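The structure appears below as C-alpha coordinates.
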(Lines give C-alpha, C1' and ligand atoms only; values in the text may rest on other atoms or scores of the structure.)
Protein backbone atom coordinates (compact mmCIF):
# COMPACT_ATOMS: atom_id res chain seq x y z
CA UNK A 1 0.00 0.00 0.00
CA UNK A 2 1.40 3.47 -0.93
CA UNK A 3 2.55 5.14 2.25
CA UNK A 4 4.23 8.33 3.47
CA UNK A 5 7.53 6.75 4.54
CA UNK A 6 10.04 8.59 2.37
CA UNK A 7 13.09 6.38 2.74
CA UNK A 8 13.06 2.83 1.37
CA UNK A 9 16.54 1.35 0.98
CA UNK A 10 16.65 -1.92 -0.94
CA UNK A 11 19.12 -4.63 -0.09
CA UNK A 12 19.67 -8.18 1.06
CA UNK A 13 19.27 -9.55 4.58
CA UNK A 14 22.77 -10.07 5.98
CA UNK A 15 21.87 -11.28 9.49
CA UNK A 16 18.93 -11.79 11.82
CA UNK A 17 19.39 -11.94 15.61
CA UNK A 18 16.20 -12.90 17.46
CA UNK A 19 15.84 -11.46 20.97
CA UNK A 20 13.27 -11.88 23.73
CA UNK A 21 11.20 -8.79 22.79
CA UNK A 22 13.09 -7.10 19.95
CA UNK A 23 15.30 -8.50 17.23
CA UNK A 24 18.01 -7.05 15.04
CA UNK A 25 17.94 -7.34 11.26
CA UNK A 26 20.94 -6.11 9.26
CA UNK A 27 20.30 -5.36 5.57
CA UNK A 28 23.22 -5.01 3.18
CA UNK A 29 22.55 -2.07 0.86
CA UNK A 30 24.72 -0.34 -1.76
CA UNK A 31 25.27 2.41 0.86
CA UNK A 32 26.48 -0.03 3.51
CA UNK A 33 24.83 -2.13 6.16
CA UNK A 34 21.61 -0.81 7.72
CA UNK A 35 20.69 -2.19 11.16
CA UNK A 36 17.03 -2.29 12.22
CA UNK A 37 15.72 -3.09 15.66
CA UNK A 38 12.12 -4.28 15.42
CA UNK A 39 9.76 -6.40 17.49
CA UNK A 40 10.60 -10.11 17.49
CA UNK A 41 7.00 -10.97 16.61
CA UNK A 42 7.32 -8.94 13.40
CA UNK A 43 10.56 -10.66 12.41
CA UNK A 44 8.97 -14.10 12.96
CA UNK A 45 5.87 -13.09 10.97
CA UNK A 46 8.05 -11.88 8.08
CA UNK A 47 10.15 -15.06 8.34
CA UNK A 48 13.18 -13.13 7.14
CA UNK A 49 16.49 -14.95 6.80
CA UNK A 50 19.90 -14.16 5.34
CA UNK A 51 19.83 -13.85 1.54
CA UNK A 52 16.23 -12.62 1.35
CA UNK A 53 15.48 -9.40 -0.56
CA UNK A 54 14.38 -6.74 1.92
CA UNK A 55 14.08 -2.98 2.37
CA UNK A 56 14.92 -0.73 5.29
CA UNK A 57 12.13 1.79 5.89
CA UNK A 58 12.87 5.10 7.64
CA UNK A 59 10.54 8.06 8.26
CA UNK A 60 12.25 11.33 7.20
CA UNK A 61 11.64 12.92 10.62
CA UNK A 62 13.85 10.17 12.10
CA UNK A 63 16.88 10.98 9.93
CA UNK A 64 19.61 13.32 11.18
CA UNK A 65 22.43 14.63 9.01
CA UNK A 66 26.08 15.43 9.50
CA UNK A 67 28.64 17.25 7.40
CA UNK A 68 31.28 14.70 6.49
CA UNK A 69 34.90 15.35 7.31
CA UNK A 70 35.69 11.61 7.30
CA UNK A 71 37.13 9.85 4.25
CA UNK A 72 33.98 7.72 4.03
CA UNK A 73 33.14 8.83 0.51
CA UNK B 1 32.79 11.79 18.82
CA UNK B 2 32.11 8.01 18.73
CA UNK B 3 28.40 7.51 19.27
CA UNK B 4 25.80 4.74 19.40
CA UNK B 5 23.96 5.64 16.18
CA UNK B 6 24.37 2.45 14.12
CA UNK B 7 23.44 3.71 10.68
CA UNK B 8 25.62 6.29 8.90
CA UNK B 9 24.97 6.47 5.17
CA UNK B 10 27.50 8.54 3.24
CA UNK B 11 26.53 10.57 0.22
CA UNK B 12 26.26 13.99 -1.37
CA UNK B 13 23.70 16.70 -0.58
CA UNK B 14 21.22 16.78 -3.46
CA UNK B 15 18.85 19.46 -2.19
CA UNK B 16 18.12 21.63 0.82
CA UNK B 17 14.67 23.16 1.39
CA UNK B 18 14.59 25.61 4.31
CA UNK B 19 11.26 25.84 6.16
CA UNK B 20 10.00 28.01 8.99
CA UNK B 21 10.79 25.51 11.79
CA UNK B 22 12.06 22.38 10.02
CA UNK B 23 13.94 21.91 6.79
CA UNK B 24 14.37 19.02 4.38
CA UNK B 25 17.79 17.79 3.29
CA UNK B 26 18.01 15.09 0.61
CA UNK B 27 21.27 13.14 0.47
CA UNK B 28 22.12 11.10 -2.62
CA UNK B 29 23.60 7.78 -1.49
CA UNK B 30 24.56 4.62 -3.41
CA UNK B 31 21.29 3.10 -2.09
CA UNK B 32 19.16 5.96 -3.40
CA UNK B 33 18.07 9.32 -2.04
CA UNK B 34 17.64 9.65 1.72
CA UNK B 35 15.37 12.48 2.92
CA UNK B 36 15.94 14.00 6.36
CA UNK B 37 13.66 16.44 8.14
CA UNK B 38 15.65 18.36 10.76
CA UNK B 39 15.34 21.69 12.54
CA UNK B 40 16.04 24.71 10.33
CA UNK B 41 18.49 26.10 12.89
CA UNK B 42 20.60 22.94 12.53
CA UNK B 43 20.65 23.17 8.76
CA UNK B 44 21.75 26.84 8.92
CA UNK B 45 24.45 26.00 11.50
CA UNK B 46 25.78 23.20 9.29
CA UNK B 47 25.60 25.53 6.25
CA UNK B 48 24.87 22.51 4.04
CA UNK B 49 24.36 23.07 0.33
CA UNK B 50 24.05 20.85 -2.75
CA UNK B 51 27.33 19.11 -3.61
CA UNK B 52 28.57 18.92 -0.02
CA UNK B 53 29.68 15.55 1.40
CA UNK B 54 27.21 14.51 4.11
CA UNK B 55 25.92 11.49 5.98
CA UNK B 56 22.41 10.46 6.94
CA UNK B 57 22.30 9.24 10.56
CA UNK B 58 19.58 6.85 11.71
CA UNK B 59 19.16 5.13 15.10
CA UNK B 60 18.51 1.38 14.61
CA UNK B 61 15.32 1.53 16.71
CA UNK B 62 13.90 3.91 14.10
CA UNK B 63 14.36 1.52 11.16
CA UNK B 64 11.55 -0.79 10.05
CA UNK B 65 11.96 -3.57 7.51
CA UNK B 66 9.85 -5.07 4.77
CA UNK B 67 10.16 -8.20 2.67
CA UNK B 68 10.59 -7.06 -0.90
CA UNK B 69 8.27 -8.32 -3.57
CA UNK B 70 8.99 -5.30 -5.79
CA UNK B 71 11.57 -5.43 -8.57
CA UNK B 72 13.58 -2.72 -6.79
CA UNK B 73 16.74 -4.86 -6.54
CA UNK C 1 4.61 -5.24 0.94
CA UNK C 2 4.56 -7.08 4.30
CA UNK C 3 6.55 -5.01 6.76
CA UNK C 4 7.56 -4.97 10.43
CA UNK C 5 5.43 -1.98 11.49
CA UNK C 6 3.20 -3.50 14.16
CA UNK C 7 0.52 -0.85 14.45
CA UNK C 8 -1.83 -0.12 11.55
CA UNK C 9 -4.94 1.79 12.58
CA UNK C 10 -7.60 1.99 9.88
CA UNK C 11 -9.82 5.03 9.51
CA UNK C 12 -10.94 7.90 7.33
CA UNK C 13 -9.01 11.08 6.56
CA UNK C 14 -10.61 13.89 8.59
CA UNK C 15 -8.31 16.76 7.63
CA UNK C 16 -5.14 17.55 5.71
CA UNK C 17 -3.10 20.70 6.44
CA UNK C 18 -0.26 21.23 3.95
CA UNK C 19 2.81 23.04 5.34
CA UNK C 20 6.03 24.27 3.80
CA UNK C 21 8.09 21.15 4.68
CA UNK C 22 5.78 18.94 6.75
CA UNK C 23 2.04 18.49 6.69
CA UNK C 24 -0.52 17.25 9.21
CA UNK C 25 -2.99 14.50 8.38
CA UNK C 26 -5.69 13.62 10.92
CA UNK C 27 -7.28 10.19 10.54
CA UNK C 28 -10.56 9.42 12.31
CA UNK C 29 -10.37 5.91 13.78
CA UNK C 30 -12.71 3.98 16.09
CA UNK C 31 -10.25 4.83 18.91
CA UNK C 32 -10.38 8.57 18.21
CA UNK C 33 -8.50 10.94 15.96
CA UNK C 34 -4.87 10.09 15.15
CA UNK C 35 -2.67 13.01 14.01
CA UNK C 36 0.33 12.33 11.77
CA UNK C 37 3.04 14.80 10.83
CA UNK C 38 4.72 13.68 7.61
CA UNK C 39 6.67 15.33 4.81
CA UNK C 40 4.57 17.52 2.53
CA UNK C 41 5.98 15.76 -0.55
CA UNK C 42 4.59 12.46 0.74
CA UNK C 43 1.14 13.92 1.34
CA UNK C 44 1.07 15.38 -2.20
CA UNK C 45 2.25 12.05 -3.68
CA UNK C 46 -0.48 10.18 -1.81
CA UNK C 47 -3.03 12.85 -2.87
CA UNK C 48 -4.93 12.25 0.37
CA UNK C 49 -8.06 14.28 1.03
CA UNK C 50 -10.88 14.20 3.59
CA UNK C 51 -13.10 11.14 3.20
CA UNK C 52 -10.37 8.88 1.84
CA UNK C 53 -9.74 5.51 3.52
CA UNK C 54 -6.34 5.61 5.21
CA UNK C 55 -4.28 3.95 7.92
CA UNK C 56 -2.02 5.41 10.61
CA UNK C 57 1.24 3.43 10.84
CA UNK C 58 3.24 3.42 14.06
CA UNK C 59 6.39 1.44 14.94
CA UNK C 60 5.98 -0.27 18.35
CA UNK C 61 9.21 1.30 19.66
CA UNK C 62 7.57 4.71 19.19
CA UNK C 63 4.55 3.94 21.40
CA UNK C 64 4.55 4.87 25.10
CA UNK C 65 1.89 3.76 27.58
CA UNK C 66 0.16 5.27 30.58
CA UNK C 67 -2.06 3.86 33.28
CA UNK C 68 -5.42 5.54 32.89
CA UNK C 69 -6.97 7.33 35.80
CA UNK C 70 -9.14 9.47 33.50
CA UNK C 71 -12.73 8.57 32.66
CA UNK C 72 -11.77 8.23 29.00
CA UNK C 73 -12.92 4.59 28.75
CA UNK D 1 0.21 16.95 33.42
CA UNK D 2 -1.01 18.50 30.11
CA UNK D 3 1.54 17.61 27.45
CA UNK D 4 2.15 17.99 23.71
CA UNK D 5 1.67 14.32 22.76
CA UNK D 6 -1.23 14.50 20.31
CA UNK D 7 -2.29 10.88 20.17
CA UNK D 8 -3.74 9.17 23.24
CA UNK D 9 -5.61 5.96 22.42
CA UNK D 10 -7.61 4.54 25.33
CA UNK D 11 -8.02 0.82 25.79
CA UNK D 12 -7.43 -2.19 28.00
CA UNK D 13 -4.14 -4.02 28.56
CA UNK D 14 -4.32 -7.28 26.61
CA UNK D 15 -0.85 -8.66 27.33
CA UNK D 16 2.45 -7.74 28.96
CA UNK D 17 5.70 -9.52 28.01
CA UNK D 18 8.63 -8.55 30.26
CA UNK D 19 12.06 -8.68 28.59
CA UNK D 20 15.59 -8.12 29.84
CA UNK D 21 15.79 -4.41 28.85
CA UNK D 22 12.52 -3.67 27.01
CA UNK D 23 9.07 -5.10 27.39
CA UNK D 24 6.05 -5.32 25.11
CA UNK D 25 2.62 -4.10 26.20
CA UNK D 26 -0.36 -4.70 23.89
CA UNK D 27 -3.38 -2.48 24.46
CA UNK D 28 -6.75 -3.45 22.98
CA UNK D 29 -8.41 -0.32 21.58
CA UNK D 30 -11.57 0.19 19.50
CA UNK D 31 -9.24 0.59 16.49
CA UNK D 32 -7.48 -2.73 17.11
CA UNK D 33 -4.50 -3.84 19.16
CA UNK D 34 -1.69 -1.32 19.68
CA UNK D 35 1.72 -2.77 20.58
CA UNK D 36 4.17 -0.67 22.59
CA UNK D 37 7.82 -1.49 23.26
CA UNK D 38 8.99 0.39 26.35
CA UNK D 39 11.71 -0.04 28.96
CA UNK D 40 11.13 -2.93 31.36
CA UNK D 41 11.74 -0.64 34.33
CA UNK D 42 8.82 1.54 33.23
CA UNK D 43 6.49 -1.43 32.87
CA UNK D 44 7.42 -2.66 36.39
CA UNK D 45 6.95 0.86 37.84
CA UNK D 46 3.51 1.12 36.23
CA UNK D 47 2.67 -2.43 37.43
CA UNK D 48 0.46 -2.90 34.38
CA UNK D 49 -1.32 -6.21 33.94
CA UNK D 50 -4.00 -7.58 31.62
CA UNK D 51 -7.41 -5.99 32.23
CA UNK D 52 -6.02 -2.65 33.41
CA UNK D 53 -7.25 0.57 31.75
CA UNK D 54 -4.37 2.10 29.80
CA UNK D 55 -3.62 4.49 26.95
CA UNK D 56 -1.16 4.26 24.08
CA UNK D 57 0.70 7.56 23.64
CA UNK D 58 2.19 8.47 20.25
CA UNK D 59 3.88 11.71 19.19
CA UNK D 60 2.43 12.95 15.84
CA UNK D 61 5.89 13.13 14.24
CA UNK D 62 6.16 9.35 14.77
CA UNK D 63 2.99 8.51 12.81
CA UNK D 64 3.16 7.64 9.11
CA UNK D 65 0.11 7.26 6.89
CA UNK D 66 -0.89 5.04 4.01
CA UNK D 67 -3.75 5.14 1.53
CA UNK D 68 -5.82 2.04 2.15
CA UNK D 69 -6.52 -0.36 -0.65
CA UNK D 70 -7.06 -3.25 1.82
CA UNK D 71 -10.51 -4.30 2.97
CA UNK D 72 -9.61 -3.33 6.53
CA UNK D 73 -12.40 -0.75 6.85
CA UNK E 1 -1.15 10.19 34.59
CA UNK E 2 1.80 7.86 35.35
CA UNK E 3 3.34 6.90 32.03
CA UNK E 4 6.27 4.91 30.63
CA UNK E 5 8.30 7.87 29.32
CA UNK E 6 11.54 7.51 31.26
CA UNK E 7 13.09 10.94 30.70
CA UNK E 8 11.45 14.06 32.15
CA UNK E 9 13.79 17.05 32.28
CA UNK E 10 12.43 20.00 34.24
CA UNK E 11 13.21 23.56 33.28
CA UNK E 12 11.86 26.91 32.16
CA UNK E 13 10.57 27.82 28.70
CA UNK E 14 13.23 29.96 27.02
CA UNK E 15 11.60 30.50 23.64
CA UNK E 16 8.61 29.46 21.56
CA UNK E 17 8.63 29.74 17.75
CA UNK E 18 5.24 28.97 16.19
CA UNK E 19 5.36 27.48 12.68
CA UNK E 20 2.69 26.54 10.15
CA UNK E 21 2.47 22.86 11.17
CA UNK E 22 5.17 22.36 13.82
CA UNK E 23 6.62 24.69 16.39
CA UNK E 24 9.87 24.80 18.32
CA UNK E 25 9.96 25.10 22.10
CA UNK E 26 13.33 25.53 23.83
CA UNK E 27 13.42 24.62 27.53
CA UNK E 28 16.32 25.82 29.67
CA UNK E 29 17.36 22.97 31.99
CA UNK E 30 20.31 22.57 34.39
CA UNK E 31 21.91 20.37 31.68
CA UNK E 32 21.57 23.06 28.99
CA UNK E 33 18.88 24.01 26.52
CA UNK E 34 16.61 21.26 25.20
CA UNK E 35 14.87 21.95 21.87
CA UNK E 36 11.55 20.23 21.12
CA UNK E 37 9.74 20.22 17.79
CA UNK E 38 6.05 19.49 18.36
CA UNK E 39 2.80 20.16 16.51
CA UNK E 40 1.72 23.81 16.54
CA UNK E 41 -1.76 22.83 17.73
CA UNK E 42 -0.23 21.28 20.86
CA UNK E 43 1.82 24.37 21.60
CA UNK E 44 -1.27 26.60 21.27
CA UNK E 45 -3.31 24.23 23.48
CA UNK E 46 -0.60 24.30 26.15
CA UNK E 47 -0.36 28.13 25.80
CA UNK E 48 3.34 27.92 26.69
CA UNK E 49 5.34 31.13 26.82
CA UNK E 50 8.82 32.13 27.99
CA UNK E 51 9.20 31.90 31.78
CA UNK E 52 6.70 29.08 32.22
CA UNK E 53 7.75 25.94 34.13
CA UNK E 54 7.89 23.03 31.68
CA UNK E 55 9.43 19.60 31.18
CA UNK E 56 11.03 17.99 28.15
CA UNK E 57 9.77 14.40 27.71
CA UNK E 58 11.88 11.84 25.85
CA UNK E 59 11.25 8.10 25.37
CA UNK E 60 14.43 6.10 26.22
CA UNK E 61 14.40 4.36 22.82
CA UNK E 62 14.86 7.80 21.22
CA UNK E 63 18.06 8.62 23.12
CA UNK E 64 21.47 7.88 21.62
CA UNK E 65 24.74 8.16 23.53
CA UNK E 66 28.27 9.23 22.73
CA UNK E 67 31.56 8.94 24.57
CA UNK E 68 32.69 12.46 25.32
CA UNK E 69 36.09 13.61 24.23
CA UNK E 70 35.01 17.28 24.29
CA UNK E 71 35.66 19.52 27.27
CA UNK E 72 31.91 19.92 27.75
CA UNK E 73 31.96 18.58 31.32
CA UNK F 1 31.58 15.46 12.98
CA UNK F 2 29.16 18.45 13.21
CA UNK F 3 25.63 17.08 12.97
CA UNK F 4 22.01 18.23 13.10
CA UNK F 5 21.11 16.61 16.45
CA UNK F 6 20.10 19.61 18.52
CA UNK F 7 20.16 18.14 22.01
CA UNK F 8 23.45 17.00 23.55
CA UNK F 9 23.27 16.59 27.33
CA UNK F 10 26.64 16.06 29.00
CA UNK F 11 27.01 13.87 32.05
CA UNK F 12 28.58 10.79 33.57
CA UNK F 13 27.64 7.17 32.94
CA UNK F 14 25.73 5.96 36.01
CA UNK F 15 24.87 2.43 34.88
CA UNK F 16 25.06 0.12 31.88
CA UNK F 17 22.74 -2.91 31.56
CA UNK F 18 23.63 -5.16 28.60
CA UNK F 19 20.70 -7.01 27.02
CA UNK F 20 20.43 -9.59 24.26
CA UNK F 21 19.69 -7.07 21.46
CA UNK F 22 19.41 -3.67 23.18
CA UNK F 23 21.07 -2.29 26.26
CA UNK F 24 20.24 0.50 28.69
CA UNK F 25 22.71 3.26 29.53
CA UNK F 26 21.79 5.77 32.24
CA UNK F 27 23.69 9.07 32.17
CA UNK F 28 23.66 11.33 35.22
CA UNK F 29 23.27 14.94 34.05
CA UNK F 30 22.71 18.19 35.95
CA UNK F 31 19.03 17.90 34.93
CA UNK F 32 18.67 14.39 36.34
CA UNK F 33 19.25 10.89 35.01
CA UNK F 34 18.73 10.32 31.28
CA UNK F 35 18.05 6.71 30.21
CA UNK F 36 19.00 5.60 26.70
CA UNK F 37 18.06 2.32 25.05
CA UNK F 38 20.50 1.56 22.23
CA UNK F 39 21.74 -1.53 20.42
CA UNK F 40 23.97 -3.79 22.50
CA UNK F 41 26.58 -3.86 19.73
CA UNK F 42 26.91 -0.07 19.98
CA UNK F 43 27.37 -0.17 23.73
CA UNK F 44 30.08 -2.83 23.42
CA UNK F 45 31.82 -0.83 20.64
CA UNK F 46 31.80 2.30 22.80
CA UNK F 47 33.01 0.25 25.80
CA UNK F 48 31.10 2.58 28.13
CA UNK F 49 31.23 1.91 31.86
CA UNK F 50 30.12 3.75 34.99
CA UNK F 51 32.18 6.91 35.63
CA UNK F 52 32.90 7.59 31.96
CA UNK F 53 32.11 11.04 30.51
CA UNK F 54 29.23 10.69 28.04
CA UNK F 55 26.48 12.66 26.33
CA UNK F 56 22.85 11.84 25.67
CA UNK F 57 21.89 12.76 22.10
CA UNK F 58 18.26 13.49 21.23
CA UNK F 59 16.79 14.72 17.93
CA UNK F 60 14.42 17.69 18.52
CA UNK F 61 11.56 15.97 16.68
CA UNK F 62 11.69 13.24 19.36
CA UNK F 63 11.16 15.62 22.30
CA UNK F 64 7.68 16.29 23.68
CA UNK F 65 6.88 18.96 26.24
CA UNK F 66 4.53 19.31 29.18
CA UNK F 67 3.46 22.25 31.31
CA UNK F 68 4.68 21.53 34.81
CA UNK F 69 2.23 21.52 37.68
CA UNK F 70 4.52 19.26 39.75
CA UNK F 71 6.93 20.63 42.33
CA UNK F 72 9.84 19.27 40.29
CA UNK F 73 11.51 22.67 39.87
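Letters A, B, C, D, E and F mark the chains in the order given here, with residues in each chain numbered from 1 onward.
In this section, contacts are C-beta pairs under 8 Å (C-beta built on N, C-alpha and C of every residue); 3 or more make two chains touch, one makes a residue touch a chain.
Chain identities (UniProt): A, B, C, D, E, F = Mop domain-containing protein.
All values reported here derive from a predicted model rather than from experimental measurement.
Asker: Where in E-F, A-C or A-D does the D-F interface recur, with over half of the contact pairs identical by residue number?
Answerer: More than half of its contact pairs match D-F, so it is A-D.
Asker: Comparing B-E against A-C, which pair counts more contacting C-beta pairs?
Answerer: Most C-beta pairs in contact, of the two: A-C.
Asker: I'd like to verify one number: the distance from the centre of chain A (Mop domain-containing protein) to the centre of chain F (Mop domain-containing protein), where each centre is the average of its C-alpha atoms, in whole angstrom.
Answerer: Those two chain centres are 23 Å apart.
Asker: In whole angstrom, what separates the CA-based centres of chain A (Mop domain-containing protein) and chain E (Mop domain-containing protein)?
Answerer: Going by mean C-alpha positions, chain A (Mop domain-containing protein) sits 28 Å from chain E (Mop domain-containing protein).
Asker: Could you list which residues of chain E (Mop domain-containing protein) touch at least two other chains?
Answerer: Each of 1-6, 19-22, 24-25, 35-39, 41-43, 46, 55, 57, 59-62, 64-68 in chain E (Mop domain-containing protein) touches at least two other chains.
Asker: Given which chains touch which, is the overall layout a line, a ring, a star, complete, or other?
Answerer: Shape of the chain contacts: other, as it matches none of the listed patterns.
Asker: For a test of understanding, state which residues of chain B (Mop domain-containing protein) touch chain A (Mop domain-containing protein) in their complex under the given definition.
Answerer: Of all residues in chain B (Mop domain-containing protein), those touching chain A (Mop domain-containing protein) are 5-12, 24-25, 27, 29-32, 34-38, 42-43, 46, 48, 52-68, 72-73.
Asker: State the interface residues of chain F (Mop domain-containing protein) toward chain A (Mop domain-containing protein) in the complex, per the touch definition above.
Answerer: These residues of chain F (Mop domain-containing protein) touch chain A (Mop domain-containing protein): 1-5, 19-22, 39, 41, 59, 61-62.
Asker: Inside the complex, what are the residues of chain E (Mop domain-containing protein) that reach chain D (Mop domain-containing protein)?
Answerer: 1-6, 22, 25, 36-39, 41-43, 45-46, 55, 57, 59-61
Asker: Okay, in this complex, where on chain E (Mop domain-containing protein) does chain B (Mop domain-containing protein) touch?
Answerer: 17, 19-24, 35, 37, 61-62, 64-70
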